[in-house]
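In order of appearance the chains are A, B, C and D, and numbering begins at 1 in each one.
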Amino acid sequence: MAFQVSKSNDVMVIDVEGQLIVGNRQELKQKVLYELEKGERKFVVNFSETGYIDSSGLGVLVSLSKKIREQEGELRLASLNEDLRTLFELTKLDTLFTIADTREQALEGL
Amino acid sequence: MAFQVSKSNDVMVIDVEGQLIVGNRQELKQKVLYELEKGERKFVVNFSETGYIDSSGLGVLVSLSKKIREQEGELRLASLNEDLRTLFELTKLDTLFTIADTREQALEGL
Amino acid sequence: MDKALVLELPNDISSIEHAVEYVMRHCSSCTDYARRLNLNFRVGLTEALSNAMLYGNGSDPEKRVRVEVDVSVEEVAVRVTDQGVGFDPASIPDPTLPDNLTKSGGRGIFLMKTLMDEVQFNDRGNSVTLVLRLKGEATV
Amino acid sequence: MDKALVLELPNDISSIEHAVEYVMRHCSSCTDYARRLNLNFRVGLTEALSNAMLYGNGSDPEKRVRVEVDVSVEEVAVRVTDQGVGFDPASIPDPTLPDNLTKSGGRGIFLMKTLMDEVQFNDRGNSVTLVLRLKGEATV
(Lines give C-alpha, C1' and ligand atoms only; values in the text may rest on other atoms or scores of the structure.)
Protein backbone atom coordinates (compact mmCIF):
# COMPACT_ATOMS: atom_id res chain seq x y z
CA MET A 1 0.00 0.00 0.00
CA ALA A 2 1.72 3.15 -1.17
CA PHE A 3 1.16 6.42 -2.95
CA GLN A 4 3.82 7.24 -5.52
CA VAL A 5 4.01 10.91 -6.37
CA SER A 6 5.79 11.93 -9.56
CA LYS A 7 5.82 14.97 -11.80
CA SER A 8 5.13 14.93 -15.51
CA ASN A 9 5.75 18.42 -16.93
CA ASP A 10 3.59 20.55 -14.65
CA VAL A 11 1.23 17.78 -13.59
CA MET A 12 1.50 15.90 -10.29
CA VAL A 13 0.70 12.24 -10.84
CA ILE A 14 -0.22 10.12 -7.84
CA ASP A 15 -0.20 6.36 -8.35
CA VAL A 16 -2.33 4.49 -5.83
CA GLU A 17 -0.69 1.13 -5.28
CA GLY A 18 -2.95 -1.25 -3.37
CA GLN A 19 -6.08 0.14 -1.76
CA LEU A 20 -7.56 3.55 -1.14
CA ILE A 21 -9.59 2.95 1.99
CA VAL A 22 -10.51 4.26 5.39
CA GLY A 23 -7.14 3.14 6.76
CA ASN A 24 -4.95 5.19 4.40
CA ARG A 25 -7.09 7.92 2.86
CA GLN A 26 -5.54 10.56 5.15
CA GLU A 27 -2.14 9.81 3.70
CA LEU A 28 -3.35 10.54 0.16
CA LYS A 29 -5.11 13.68 1.35
CA GLN A 30 -2.01 15.00 3.06
CA LYS A 31 0.23 14.29 0.07
CA VAL A 32 -2.04 16.11 -2.35
CA LEU A 33 -2.72 19.04 -0.04
CA TYR A 34 1.01 19.42 0.55
CA GLU A 35 1.63 19.74 -3.19
CA LEU A 36 -1.33 22.12 -3.54
CA GLU A 37 0.12 24.36 -0.84
CA LYS A 38 3.49 24.29 -2.57
CA GLY A 39 1.72 25.78 -5.61
CA GLU A 40 0.95 22.73 -7.77
CA ARG A 41 -2.39 23.03 -9.54
CA LYS A 42 -2.72 20.04 -11.90
CA PHE A 43 -3.26 16.57 -10.52
CA VAL A 44 -3.86 13.09 -11.91
CA VAL A 45 -4.69 10.22 -9.57
CA ASN A 46 -3.86 7.01 -11.39
CA PHE A 47 -5.60 3.79 -10.34
CA SER A 48 -3.98 1.23 -12.64
CA GLU A 49 -2.40 -0.50 -9.62
CA THR A 50 -5.39 -0.12 -7.31
CA GLY A 51 -7.30 -3.10 -6.05
CA TYR A 52 -10.05 -1.41 -4.24
CA ILE A 53 -11.59 1.92 -3.14
CA ASP A 54 -14.12 2.17 -0.33
CA SER A 55 -16.64 4.93 0.38
CA SER A 56 -14.18 6.93 2.42
CA GLY A 57 -11.68 6.64 -0.42
CA LEU A 58 -14.33 8.06 -2.74
CA GLY A 59 -14.98 10.75 -0.14
CA VAL A 60 -11.38 11.85 -0.01
CA LEU A 61 -11.32 12.22 -3.80
CA VAL A 62 -14.45 14.37 -3.67
CA SER A 63 -13.00 16.60 -1.01
CA LEU A 64 -9.62 16.90 -2.77
CA SER A 65 -11.33 17.77 -6.02
CA LYS A 66 -13.22 20.56 -4.27
CA LYS A 67 -10.07 21.96 -2.63
CA ILE A 68 -8.14 21.85 -5.89
CA ARG A 69 -10.94 23.62 -7.78
CA GLU A 70 -11.05 26.33 -5.11
CA GLN A 71 -7.43 27.04 -6.03
CA GLU A 72 -8.37 27.04 -9.72
CA GLY A 73 -6.60 23.78 -10.26
CA GLU A 74 -7.80 20.56 -11.82
CA LEU A 75 -7.96 16.93 -10.69
CA ARG A 76 -8.37 14.06 -13.11
CA LEU A 77 -8.70 10.35 -12.45
CA ALA A 78 -7.20 7.64 -14.65
CA SER A 79 -7.19 3.89 -15.30
CA LEU A 80 -10.16 2.74 -13.27
CA ASN A 81 -10.72 -0.98 -13.68
CA GLU A 82 -14.21 -2.32 -14.24
CA ASP A 83 -14.97 -2.75 -10.53
CA LEU A 84 -13.76 0.71 -9.61
CA ARG A 85 -15.66 2.26 -12.49
CA THR A 86 -18.80 0.53 -11.24
CA LEU A 87 -18.34 2.20 -7.85
CA PHE A 88 -18.12 5.63 -9.49
CA GLU A 89 -21.17 4.92 -11.61
CA LEU A 90 -23.29 3.65 -8.72
CA THR A 91 -22.50 6.72 -6.65
CA LYS A 92 -22.88 8.99 -9.73
CA LEU A 93 -19.39 10.32 -9.01
CA ASP A 94 -18.55 9.59 -12.66
CA THR A 95 -20.51 12.80 -13.38
CA LEU A 96 -18.34 14.79 -10.98
CA PHE A 97 -14.89 13.74 -12.15
CA THR A 98 -13.01 13.78 -15.41
CA ILE A 99 -12.08 10.11 -15.77
CA ALA A 100 -9.55 9.07 -18.40
CA ASP A 101 -8.96 5.53 -19.59
CA THR A 102 -5.21 5.78 -19.19
CA ARG A 103 -2.70 7.90 -17.38
CA GLU A 104 -1.45 9.23 -20.72
CA GLN A 105 -4.93 10.31 -21.78
CA ALA A 106 -5.41 12.05 -18.45
CA LEU A 107 -2.22 14.02 -18.99
CA GLU A 108 -3.22 15.13 -22.49
CA GLY A 109 -4.42 18.70 -22.54
CA LEU A 110 -4.25 19.14 -18.79
CA MET B 1 -2.26 -27.78 -3.12
CA ALA B 2 -1.51 -30.76 -5.33
CA PHE B 3 0.57 -33.91 -5.59
CA GLN B 4 2.17 -34.42 -8.98
CA VAL B 5 3.13 -38.00 -9.67
CA SER B 6 5.62 -38.70 -12.44
CA LYS B 7 7.90 -41.57 -13.37
CA SER B 8 11.65 -41.28 -13.92
CA ASN B 9 12.98 -44.60 -15.18
CA ASP B 10 11.65 -47.01 -12.54
CA VAL B 11 11.25 -44.42 -9.79
CA MET B 12 7.93 -42.78 -8.89
CA VAL B 13 8.49 -39.13 -8.06
CA ILE B 14 5.82 -37.29 -6.09
CA ASP B 15 6.08 -33.51 -6.02
CA VAL B 16 4.29 -31.93 -3.09
CA GLU B 17 3.05 -28.54 -4.23
CA GLY B 18 1.82 -26.44 -1.34
CA GLN B 19 1.38 -28.07 2.03
CA LEU B 20 1.48 -31.58 3.43
CA ILE B 21 -0.86 -31.30 6.36
CA VAL B 22 -3.72 -32.89 8.25
CA GLY B 23 -6.14 -31.74 5.57
CA ASN B 24 -4.51 -33.50 2.62
CA ARG B 25 -2.19 -36.21 3.97
CA GLN B 26 -4.72 -38.94 3.06
CA GLU B 27 -4.48 -37.92 -0.57
CA LEU B 28 -0.71 -38.44 -0.61
CA LYS B 29 -1.07 -41.73 1.23
CA GLN B 30 -3.61 -43.06 -1.25
CA LYS B 31 -1.56 -42.02 -4.26
CA VAL B 32 1.58 -43.74 -3.02
CA LEU B 33 -0.21 -46.89 -1.83
CA TYR B 34 -1.94 -47.13 -5.20
CA GLU B 35 1.41 -47.14 -6.98
CA LEU B 36 2.82 -49.61 -4.45
CA GLU B 37 -0.05 -51.99 -5.11
CA LYS B 38 0.49 -51.62 -8.83
CA GLY B 39 4.01 -52.94 -8.23
CA GLU B 40 6.12 -49.81 -8.00
CA ARG B 41 8.92 -50.11 -5.43
CA LYS B 42 11.05 -46.98 -5.68
CA PHE B 43 9.70 -43.63 -4.49
CA VAL B 44 11.02 -40.10 -4.14
CA VAL B 45 8.91 -37.46 -2.42
CA ASN B 46 10.16 -34.10 -3.57
CA PHE B 47 9.56 -31.04 -1.38
CA SER B 48 11.07 -28.26 -3.47
CA GLU B 49 7.61 -26.69 -3.89
CA THR B 50 6.41 -27.36 -0.35
CA GLY B 51 5.64 -24.55 2.05
CA TYR B 52 4.95 -26.51 5.13
CA ILE B 53 4.57 -29.97 6.70
CA ASP B 54 2.75 -30.56 9.97
CA SER B 55 3.05 -33.48 12.39
CA SER B 56 0.43 -35.53 10.58
CA GLY B 57 2.29 -34.91 7.33
CA LEU B 58 5.42 -36.25 9.01
CA GLY B 59 3.35 -39.17 10.28
CA VAL B 60 2.11 -40.10 6.84
CA LEU B 61 5.70 -40.17 5.55
CA VAL B 62 6.72 -42.48 8.41
CA SER B 63 3.85 -44.85 7.73
CA LEU B 64 4.46 -44.86 3.96
CA SER B 65 8.13 -45.55 4.49
CA LYS B 66 7.24 -48.55 6.65
CA LYS B 67 4.77 -49.92 4.11
CA ILE B 68 7.22 -49.47 1.27
CA ARG B 69 10.00 -51.21 3.20
CA GLU B 70 7.68 -54.12 3.97
CA GLN B 71 7.42 -54.59 0.20
CA GLU B 72 11.21 -54.36 -0.05
CA GLY B 73 10.95 -51.00 -1.72
CA GLU B 74 12.62 -47.71 -0.88
CA LEU B 75 11.40 -44.20 -0.13
CA ARG B 76 13.66 -41.19 -0.33
CA LEU B 77 12.93 -37.55 0.44
CA ALA B 78 14.36 -34.63 -1.49
CA SER B 79 14.75 -30.84 -1.46
CA LEU B 80 13.72 -29.98 2.08
CA ASN B 81 14.09 -26.28 2.71
CA GLU B 82 15.66 -25.04 5.93
CA ASP B 83 12.38 -24.93 7.86
CA LEU B 84 11.31 -28.39 6.78
CA ARG B 85 14.74 -29.80 7.56
CA THR B 86 14.47 -28.32 11.04
CA LEU B 87 11.21 -30.21 11.58
CA PHE B 88 12.88 -33.50 10.61
CA GLU B 89 15.83 -32.77 12.87
CA LEU B 90 13.71 -31.82 15.88
CA THR B 91 11.67 -35.01 15.57
CA LYS B 92 14.83 -37.06 14.81
CA LEU B 93 13.12 -38.26 11.65
CA ASP B 94 16.24 -37.22 9.75
CA THR B 95 17.75 -40.45 11.16
CA LEU B 96 14.90 -42.53 9.73
CA PHE B 97 14.83 -41.22 6.16
CA THR B 98 17.31 -40.92 3.35
CA ILE B 99 17.15 -37.21 2.60
CA ALA B 100 18.75 -35.86 -0.56
CA ASP B 101 19.48 -32.23 -1.26
CA THR B 102 17.91 -32.34 -4.69
CA ARG B 103 15.51 -34.48 -6.64
CA GLU B 104 18.36 -35.50 -8.97
CA GLN B 105 20.54 -36.64 -6.09
CA ALA B 106 17.65 -38.65 -4.70
CA LEU B 107 17.24 -40.44 -8.02
CA GLU B 108 20.94 -41.31 -8.25
CA GLY B 109 21.59 -44.92 -7.35
CA LEU B 110 17.98 -45.62 -6.35
CA MET C 1 -28.04 -17.93 11.56
CA ASP C 2 -25.75 -20.93 11.83
CA LYS C 3 -22.53 -19.34 13.02
CA ALA C 4 -20.04 -21.11 10.83
CA LEU C 5 -17.32 -18.59 11.59
CA VAL C 6 -17.19 -15.86 14.21
CA LEU C 7 -14.61 -13.10 14.54
CA GLU C 8 -14.28 -10.62 17.33
CA LEU C 9 -12.15 -7.81 16.04
CA PRO C 10 -10.32 -5.10 17.90
CA ASN C 11 -11.79 -1.68 17.14
CA ASP C 12 -8.96 -0.78 14.79
CA ILE C 13 -9.58 0.24 11.20
CA SER C 14 -6.22 -1.17 10.16
CA SER C 15 -7.58 -4.64 10.94
CA ILE C 16 -10.43 -4.33 8.41
CA GLU C 17 -8.56 -5.29 5.27
CA HIS C 18 -7.19 -8.62 6.55
CA ALA C 19 -10.47 -9.52 8.18
CA VAL C 20 -12.39 -8.96 4.95
CA GLU C 21 -9.87 -11.02 3.03
CA TYR C 22 -10.08 -13.84 5.56
CA VAL C 23 -13.87 -13.94 5.43
CA MET C 24 -13.72 -13.99 1.63
CA ARG C 25 -11.32 -16.94 1.67
CA HIS C 26 -13.49 -18.72 4.16
CA CYS C 27 -16.26 -18.75 1.59
CA SER C 28 -14.83 -21.54 -0.54
CA SER C 29 -18.09 -22.02 -2.42
CA CYS C 30 -17.71 -18.44 -3.55
CA THR C 31 -14.86 -18.94 -5.99
CA ASP C 32 -17.31 -19.18 -8.87
CA TYR C 33 -18.53 -15.73 -8.05
CA ALA C 34 -15.24 -13.92 -8.10
CA ARG C 35 -16.58 -10.63 -9.41
CA ARG C 36 -19.51 -10.40 -7.01
CA LEU C 37 -17.24 -11.41 -4.16
CA ASN C 38 -14.43 -9.06 -5.03
CA LEU C 39 -16.62 -6.05 -5.65
CA ASN C 40 -20.02 -6.45 -3.99
CA PHE C 41 -19.10 -8.49 -0.96
CA ARG C 42 -15.78 -6.83 -0.29
CA VAL C 43 -17.22 -3.33 -0.46
CA GLY C 44 -20.31 -4.24 1.55
CA LEU C 45 -18.37 -5.86 4.37
CA THR C 46 -15.69 -3.16 4.44
CA GLU C 47 -18.33 -0.43 4.78
CA ALA C 48 -20.14 -2.29 7.55
CA LEU C 49 -16.90 -2.81 9.48
CA SER C 50 -15.70 0.75 9.18
CA ASN C 51 -19.08 2.12 10.25
CA ALA C 52 -19.10 -0.23 13.23
CA MET C 53 -15.62 0.91 14.28
CA LEU C 54 -15.87 4.63 13.51
CA TYR C 55 -19.50 5.42 14.40
CA GLY C 56 -20.92 2.55 16.42
CA ASN C 57 -17.85 2.12 18.60
CA GLY C 58 -16.80 5.76 18.18
CA SER C 59 -13.17 4.76 17.48
CA ASP C 60 -12.90 3.58 21.09
CA PRO C 61 -9.95 1.13 21.15
CA GLU C 62 -11.47 -0.71 24.11
CA LYS C 63 -14.57 -1.65 22.15
CA ARG C 64 -14.93 -4.63 19.84
CA VAL C 65 -16.75 -5.64 16.69
CA ARG C 66 -18.35 -9.04 16.27
CA VAL C 67 -18.54 -10.61 12.83
CA GLU C 68 -20.65 -13.71 12.24
CA VAL C 69 -20.27 -15.42 8.89
CA ASP C 70 -22.57 -18.06 7.54
CA VAL C 71 -21.88 -19.65 4.19
CA SER C 72 -24.19 -22.00 2.36
CA VAL C 73 -24.35 -23.05 -1.27
CA GLU C 74 -27.02 -20.42 -1.88
CA GLU C 75 -25.66 -17.41 -0.05
CA VAL C 76 -23.09 -15.89 2.20
CA ALA C 77 -24.47 -13.93 5.13
CA VAL C 78 -22.42 -11.73 7.46
CA ARG C 79 -23.64 -9.99 10.55
CA VAL C 80 -21.57 -7.10 11.91
CA THR C 81 -22.37 -5.93 15.43
CA ASP C 82 -20.82 -3.02 17.28
CA GLN C 83 -21.11 -1.90 20.90
CA GLY C 84 -22.66 1.47 20.11
CA VAL C 85 -26.10 2.91 20.76
CA GLY C 86 -27.19 2.40 17.17
CA PHE C 87 -28.79 4.83 14.73
CA ASP C 88 -31.71 5.11 12.36
CA PRO C 89 -30.60 3.91 8.92
CA ALA C 90 -33.81 5.33 7.39
CA SER C 91 -32.55 8.81 8.22
CA ILE C 92 -29.56 8.56 5.87
CA PRO C 93 -30.01 10.80 2.80
CA ASP C 94 -29.43 9.54 -0.74
CA PRO C 95 -25.83 10.46 -1.62
CA THR C 96 -26.56 10.46 -5.36
CA LEU C 97 -28.93 13.44 -5.15
CA PRO C 98 -27.34 16.51 -6.78
CA ASP C 99 -27.12 18.35 -3.47
CA ASN C 100 -25.25 15.47 -1.84
CA LEU C 101 -22.95 14.57 -4.70
CA THR C 102 -20.18 16.93 -3.63
CA LYS C 103 -20.30 15.91 0.02
CA SER C 104 -17.27 13.96 1.10
CA GLY C 105 -19.25 11.43 3.16
CA GLY C 106 -22.49 9.53 3.23
CA ARG C 107 -21.86 6.80 0.65
CA GLY C 108 -21.18 3.79 2.89
CA ILE C 109 -24.71 2.61 3.64
CA PHE C 110 -25.79 3.44 0.10
CA LEU C 111 -23.04 1.22 -1.34
CA MET C 112 -23.88 -1.56 1.11
CA LYS C 113 -27.53 -1.45 0.08
CA THR C 114 -26.76 -1.19 -3.62
CA LEU C 115 -24.18 -3.96 -3.75
CA MET C 116 -25.61 -6.57 -1.38
CA ASP C 117 -28.77 -8.54 -2.08
CA GLU C 118 -30.09 -7.95 1.41
CA VAL C 119 -29.17 -5.43 4.11
CA GLN C 120 -31.00 -5.63 7.38
CA PHE C 121 -30.39 -3.55 10.49
CA ASN C 122 -31.63 -4.58 13.91
CA ASP C 123 -34.06 -2.23 15.65
CA ARG C 124 -31.37 -0.58 17.70
CA GLY C 125 -29.18 -0.06 14.66
CA ASN C 126 -25.92 -1.46 16.05
CA SER C 127 -26.05 -4.68 14.06
CA VAL C 128 -26.36 -5.13 10.32
CA THR C 129 -26.77 -8.36 8.38
CA LEU C 130 -25.54 -8.44 4.80
CA VAL C 131 -26.56 -11.20 2.42
CA LEU C 132 -25.00 -11.95 -0.96
CA ARG C 133 -26.80 -14.58 -2.96
CA LEU C 134 -24.59 -16.92 -4.90
CA LYS C 135 -27.23 -18.13 -7.31
CA GLY C 136 -29.62 -16.40 -9.64
CA GLU C 137 -29.36 -12.96 -11.13
CA ALA C 138 -26.72 -10.49 -10.14
CA THR C 139 -28.26 -7.11 -9.45
CA VAL C 140 -25.06 -5.22 -10.13
CA MET D 1 -5.09 -12.21 28.33
CA ASP D 2 -6.26 -9.12 26.50
CA LYS D 3 -8.36 -10.57 23.69
CA ALA D 4 -7.15 -8.50 20.77
CA LEU D 5 -8.62 -10.92 18.24
CA VAL D 6 -10.99 -13.82 18.76
CA LEU D 7 -11.98 -16.46 16.23
CA GLU D 8 -14.60 -19.11 16.64
CA LEU D 9 -13.92 -21.72 14.01
CA PRO D 10 -16.12 -24.49 12.69
CA ASN D 11 -14.74 -27.91 13.60
CA ASP D 12 -13.38 -28.47 10.12
CA ILE D 13 -9.73 -29.26 9.49
CA SER D 14 -9.91 -27.62 6.07
CA SER D 15 -10.39 -24.28 7.86
CA ILE D 16 -7.07 -24.54 9.70
CA GLU D 17 -4.76 -23.26 7.01
CA HIS D 18 -6.58 -19.97 6.37
CA ALA D 19 -7.12 -19.36 10.05
CA VAL D 20 -3.41 -19.77 10.79
CA GLU D 21 -2.53 -17.46 7.94
CA TYR D 22 -5.01 -14.84 9.15
CA VAL D 23 -3.65 -14.93 12.69
CA MET D 24 -0.11 -14.59 11.34
CA ARG D 25 -1.09 -11.52 9.30
CA HIS D 26 -2.85 -10.05 12.28
CA CYS D 27 0.48 -9.96 14.06
CA SER D 28 1.87 -6.97 12.24
CA SER D 29 4.66 -6.48 14.75
CA CYS D 30 5.81 -9.96 13.77
CA THR D 31 7.18 -9.14 10.33
CA ASP D 32 10.67 -8.78 11.76
CA TYR D 33 10.47 -12.34 12.93
CA ALA D 34 9.53 -14.01 9.67
CA ARG D 35 11.41 -17.25 10.28
CA ARG D 36 10.08 -17.80 13.81
CA LEU D 37 6.61 -16.89 12.66
CA ASN D 38 6.67 -19.03 9.54
CA LEU D 39 8.10 -22.08 11.21
CA ASN D 40 7.61 -21.99 14.96
CA PHE D 41 4.36 -20.13 15.22
CA ARG D 42 2.74 -21.67 12.17
CA VAL D 43 3.55 -25.22 13.24
CA GLY D 44 2.61 -24.62 16.86
CA LEU D 45 -0.77 -23.12 16.05
CA THR D 46 -1.56 -25.67 13.35
CA GLU D 47 -0.87 -28.54 15.75
CA ALA D 48 -3.01 -26.99 18.47
CA LEU D 49 -5.90 -26.45 16.07
CA SER D 50 -5.83 -29.93 14.58
CA ASN D 51 -5.66 -31.54 18.03
CA ALA D 52 -8.60 -29.42 19.16
CA MET D 53 -10.66 -30.47 16.14
CA LEU D 54 -9.65 -34.12 15.88
CA TYR D 55 -9.27 -35.16 19.53
CA GLY D 56 -10.89 -32.51 21.70
CA ASN D 57 -13.97 -32.10 19.53
CA GLY D 58 -13.70 -35.63 18.15
CA SER D 59 -14.26 -34.43 14.56
CA ASP D 60 -17.83 -33.47 15.54
CA PRO D 61 -18.97 -30.90 12.94
CA GLU D 62 -21.37 -29.35 15.47
CA LYS D 63 -18.58 -28.41 17.84
CA ARG D 64 -16.44 -25.31 17.64
CA VAL D 65 -12.92 -24.15 18.43
CA ARG D 66 -12.19 -20.82 20.05
CA VAL D 67 -8.96 -19.01 19.23
CA GLU D 68 -7.89 -15.98 21.25
CA VAL D 69 -4.95 -14.00 19.95
CA ASP D 70 -3.07 -11.40 21.87
CA VAL D 71 -0.22 -9.54 20.26
CA SER D 72 2.12 -7.18 22.02
CA VAL D 73 5.54 -5.86 21.11
CA GLU D 74 7.13 -8.55 23.24
CA GLU D 75 5.13 -11.62 22.33
CA VAL D 76 2.26 -13.20 20.51
CA ALA D 77 0.03 -15.43 22.61
CA VAL D 78 -2.70 -17.68 21.26
CA ARG D 79 -5.14 -19.70 23.29
CA VAL D 80 -6.93 -22.57 21.56
CA THR D 81 -9.93 -24.05 23.35
CA ASP D 82 -12.03 -27.01 22.29
CA GLN D 83 -15.30 -28.41 23.65
CA GLY D 84 -13.87 -31.77 24.63
CA VAL D 85 -13.28 -33.43 27.98
CA GLY D 86 -9.58 -32.68 27.91
CA PHE D 87 -6.60 -35.01 28.46
CA ASP D 88 -3.43 -35.25 30.45
CA PRO D 89 -0.59 -33.76 28.40
CA ALA D 90 1.97 -35.20 30.83
CA SER D 91 0.98 -38.68 29.67
CA ILE D 92 2.21 -38.10 26.11
CA PRO D 93 5.39 -40.11 25.42
CA ASP D 94 8.48 -38.57 23.82
CA PRO D 95 8.21 -39.26 20.07
CA THR D 96 11.97 -39.00 19.59
CA LEU D 97 12.72 -42.09 21.70
CA PRO D 98 13.91 -44.96 19.47
CA ASP D 99 10.81 -47.03 20.19
CA ASN D 100 8.50 -44.20 19.13
CA LEU D 101 10.41 -42.99 16.10
CA THR D 102 8.64 -45.30 13.67
CA LYS D 103 5.17 -44.56 15.00
CA SER D 104 3.07 -42.56 12.63
CA GLY D 105 1.60 -40.30 15.31
CA GLY D 106 2.47 -38.53 18.52
CA ARG D 107 4.57 -35.60 17.30
CA GLY D 108 2.06 -32.75 17.56
CA ILE D 109 2.42 -31.79 21.20
CA PHE D 110 6.16 -32.41 21.04
CA LEU D 111 6.50 -29.95 18.15
CA MET D 112 4.31 -27.40 19.91
CA LYS D 113 6.48 -27.61 23.03
CA THR D 114 9.74 -27.57 21.09
CA LEU D 115 8.87 -24.67 18.81
CA MET D 116 6.96 -22.32 21.09
CA ASP D 117 8.53 -20.46 24.00
CA GLU D 118 5.69 -21.35 26.31
CA VAL D 119 2.99 -24.02 26.13
CA GLN D 120 0.46 -24.15 28.91
CA PHE D 121 -2.55 -26.43 29.19
CA ASN D 122 -5.44 -25.70 31.53
CA ASP D 123 -6.17 -28.29 34.22
CA ARG D 124 -8.87 -29.98 32.23
CA GLY D 125 -6.70 -30.15 29.14
CA ASN D 126 -9.13 -28.70 26.60
CA SER D 127 -7.38 -25.36 26.31
CA VAL D 128 -3.78 -24.66 25.44
CA THR D 129 -1.99 -21.32 25.43
CA LEU D 130 0.99 -20.91 23.13
CA VAL D 131 3.43 -18.05 23.52
CA LEU D 132 6.06 -16.97 21.04
CA ARG D 133 8.39 -14.30 22.28
CA LEU D 134 9.39 -11.70 19.73
CA LYS D 135 12.42 -10.41 21.54
CA GLY D 136 15.51 -12.05 22.91
CA GLU D 137 17.07 -15.34 21.96
CA ALA D 138 15.38 -17.76 19.62
CA THR D 139 15.48 -21.26 21.03
CA VAL D 140 15.14 -22.94 17.64
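As a convention for this text, a residue touches a chain if its C-beta (ideal position, glycine included) is under 8 Å from a C-beta of that chain, and two chains touch if they have at least 3 such contacts.
Everything numeric here is computed off the predicted structure, so don't read it as measured data.
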item	value
Neighbouring chains shared between chain B and chain D, ordered by label	none
Number of steps on the shortest touching-chain route linking chain B and chain C	2
Distance from the mean Cα position of chain B to that of chain A, given in whole angstrom	52
Centre distance in Å when chain C and chain D are each reduced to the mean of their C-alpha atoms	30
Whole-Å gap between the CA centroids of chain A and chain D	44
For chain A paired with chain C, centre-to-centre distance based on mean C-alpha positions, whole Å	25
Where chain B touches two or more other chains at once, by residue number	none
Per-residue overlap in chain C, given as positions that touch at least 2 other chains	14
Every chain pair meeting the contact rule	A-C, B-D, C-D
Complex interface listing, chain C residues touching chain A	13-14, 16-17, 35, 38-39, 42-43, 46-47, 50, 54, 95-96, 101-105, 107-108, 110-111, 114-115, 140
Residue numbers on chain B that touch chain D, as the complex places them	19, 21-23, 52, 54-56, 58-60, 62-63, 66, 83, 86-87, 90-93, 95-96
Chain D residues within the chain C interface of the complex	3-10, 14-15, 18-19, 21-22, 25-26, 28
